[in-house]
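Input: structures, listed below.
Each of the next two complexes has chain A plus one more chain, namely chain B in the first and chain C in the second.
For the complex of A and B:
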């Protein structure tokens, strides 16, 4: 009886994401498939960031570095070494995980704003380095050889397939997020978030736990990066390591509610939806960034727990469902 | 020998630029020191300073170095306004809140700036001549910019150490609760510090505009440099920021003599991360 209750929190996230996946499948519309792809990508990235930000309480401003780095490594193997996209995605995930492991050993010693600054520095250093790294095409980046798509039945089919892979990755991100949250490991992370010193006294091996949280939050972005650049057909340093996207991910997590499974999904959905609306509306399109900024400011100032966190505080009965 | 010649031409430029970087970073590090807030709206305010020079000089014909003081006053007021609107409520909240609050200010300024000025490049065509130092030509604008930066640093130093509000700022930096118990009006002091921080950012932007082309997004580049300098000089140590700026300026002067210019950011940000890891208090000591 008790067993299924722990999975209750996973129900709503799965339903929401399934809805996003089914929307273009039902309407059979290519442009809504593109919108759904963007939303799923945001959901997967925000959910991954949430493992570090929401559960462990470490603010990473440069999380996009894993997306860019994994994407570069994966695309290099797909394009230059002739690997299949599956092997490429795997390679991207492993590369990002390894990078996170090595970085985590070093920078997770820093706390608070110092950690946030270090992640910005790493993102910029990586972008500048890739800019000079000839194997990955330097400042021009890499353009996917068009023949690569042939193995998947042409470009159109490959794009369709990318959507389903993206859906799979998003579900994987959710399931990881849920299991981290409900596991003993996740409890240790949440203890670190509340008070790192006290957690260590209680027996949480904080350096190890933080490093693994960092690695877990880096793998999916690395895989998403490979898939996105594969779908896009090219990659260049400015596109792979946009500091602004890193911060947008923070906004999504914050909007929906950090430290919950459902929060980042709703946040990503709402943010992308709002952005899509503002960019296309005649009235707002010139100042869409300002409108987003005002909304963000209002949320930060008045509902810092995010939508899901706010609902959980207000309506205790929902706590079991809104995990 | 050829590299030596190259070094002679690029090093003085780098050093002079370093002073200007220094005051940009001083604003950032002052705010950090007083209220533990990393001001992510720093870059757009630098950009606003640039456009301030542009509007005053091109549209109204006011000499940039006179307009500078108007820009400084406006920057101070803008900072106080931003503090009360966006920062005051989250001053005791976790870091994420203040980071996102200042980032939303960043978005608002960039959004409005993009609508008004678009993102195409602007240029202030201003020349005060140049002079020869051996084989090296040094632009007058850079020398004046460096002198003004030194002037602002000295003024800030005197303000912090010789005046009553300045002493209040240092007291709040040291221990806000204790300062409040001693009767320091901490809210006003926090607002004043934020205002001073944005003032320095606007001034540095106004100076940079006299020798580099810019657009509304250019500020973020200098914001990142300010992070690096702030960490080099010790976060929360405004005077250390000037030396941090000089180090960065020298790096930018020295590196291109030996490596491709595109390696400069790799070295800058690599150094930044290494210093954060091994000496997070910076080379000259942070606030305790």
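For the complex of A and C:
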């Protein structure tokens, strides 16, 4: 009985994501597959960021660095060393996890605004480094040899396959998010979020717990980066480390509800939907990012717990379902 | 009689302020030690030194025959030392149950979630918070938050419990309840050091009392000895004869 209840919170997130995955499968429409890919990518990245932001309470403004760095490393192995996409994705995830581990040891001792500032600095420093790193093509970046797609039955098939890999990565992000939230490790993270000093007094080894949370939140973005650049066929520094995407991820997590499994999924879905409308509207297309800014401001002022958090506070009966 | 905690010549400075000077005592297992003194005497600083929040500049702290002077506070928790805070530190957005489970999960016994939930249920019952189990800790009142501090500390199944003013801010019936809880904790064989300003309560429950004033140990003894000690009366009232004169004027 108890076991069954633990998994209840996972039900709704899985259904929502399954719906997004099935949408293009049912319509057999390439453009809806592209939209679904973008939404799934946002869901996977936002859910990963949520492990650090929502569960642990550390605001990372530069989380996209893991997406860019992992993506670069993976694409390098796929393109230059002839590795398969699977090995490349694995390499990207490991590279980002390792980067997070090393960075975590250095900057997770900072708290609040200082940590947030350090994460921006890291993203910009990494962009500058890659810009000057010849192995990864410097400022020009890397372009995938089209022969790479041959192994997967040509470009069209490779793109189709990428969609299903993206779906797999998104499910993986959800399951990680759920298990972190319902585990003892996650309880320790939430204790750190609420009061790090008190958590340490109770025996939570905060430096280690925070580092592992950072690593866990970095792995899936690294893998998504590899997949996205593989699908796009190229990568360059400005595309790999966009600071505004980092901030959009924050908006998604805050909008849906930080610290819940479902929140970042709904937030990513709603935000991508809104973004799709804004960039095609004549009036908003140039000021699309300022709309995100205003949205973030409104969330922080009026519903700091996000949509899911707001519902949980109002209707306690929903707490088991809206985990 | 085994010594559970030995504090040896502990000295702590904050810049030019001498917060603790050569504090030395042994605490045998199973006792309740009262720690009293005027505001700013260094009582909470002594707790912070014992608990690994600020390691002392000089001296050693031996807990269960291990030197823990420079160990981190989470190592102390794992070894069986738990504390409550003078200014309550609830994990606001977690439920009361989850707060108490943190104590059980990361304390001495390092329990898994399932067993921690059982321990939490038992401890919440013990301190009288069972009906509040599913409420968010941030919504409790002060007396309940003090009980929550106590419950979290107990859930870790400590050998030594440091209680920092658990009675402050409580009304007299709440104080009565809390004193009963403290006595029951002692019956479970847990050793306690408590800081308290409510004299009647601390004189009533302590086996031994240490008095700090400006970081110095000015007196040590049974509650009886302490209440008749001139230095102690002077520290509190400023003048040893003041009490007498006040009485004569009536």
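As a working rule, the second predicted complex is superposed on the first by the 308 of 323 C-alpha atoms of A that agree within 3 Å, B and C clash if a C-alpha of one lies under 4 Å from a C-alpha of the other, contacts with A are read in each partner's own complex, and residues count from 1 in each chain.
The definition used in the following text is that contacts are C-beta pairs under 8 Å (C-beta built on N, C-alpha and C of every residue); 3 or more make two chains touch, one makes a residue touch a chain.
Just so we're clear, the structure is a prediction, and the values are computed from it rather than from any experiment.
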Chain B versus chain C as contact partner of A:106, first or second or both or neither: first
First, second, both or neither for A:131, with chain B first and chain C second: first
Which superposed partner A:183 touches (first chain B, second chain C, both, neither): second
Which of chain B and chain C A:201 touches, first, second, both or neither: second
More chain A residues in contact [chain B versus chain C]: B
Touching partner for A:294 - first (chain B), second (chain C), both, neither: first
Which superposed partner A:191 touches (first chain B, second chain C, both, neither): second
Chain B and chain C footprints on chain A, overlapping residues: none
Touching residues (chain side chain B, partner chain A) in the complex: 32, 36, 38, 40, 85-86, 89-90, 93-97, 99-101, 103-108, 110-112, 114-115, 220, 224, 227-228, 231, 260, 262-266, 268-270, 272-273, 276-277, 280
Complex contact set, residues of chain A against chain B: 53, 57, 59, 61, 106-107, 109-110, 112-114, 116-118, 120-122, 124-125, 127-129, 131-132, 139, 243, 247, 250-251, 254, 258, 286-294, 296-297, 300-301, 304
Complex contact set, residues of chain A against chain C: 2, 183-184, 187-188, 190-191, 193-195, 197-206, 259, 316
Chain A partner contacts - residues on chain C that touch it in the complex: 51, 53, 72-74, 77-78, 82-83, 85, 89-94, 98, 101-103, 105-108, 110, 112-114, 116, 134, 152, 156
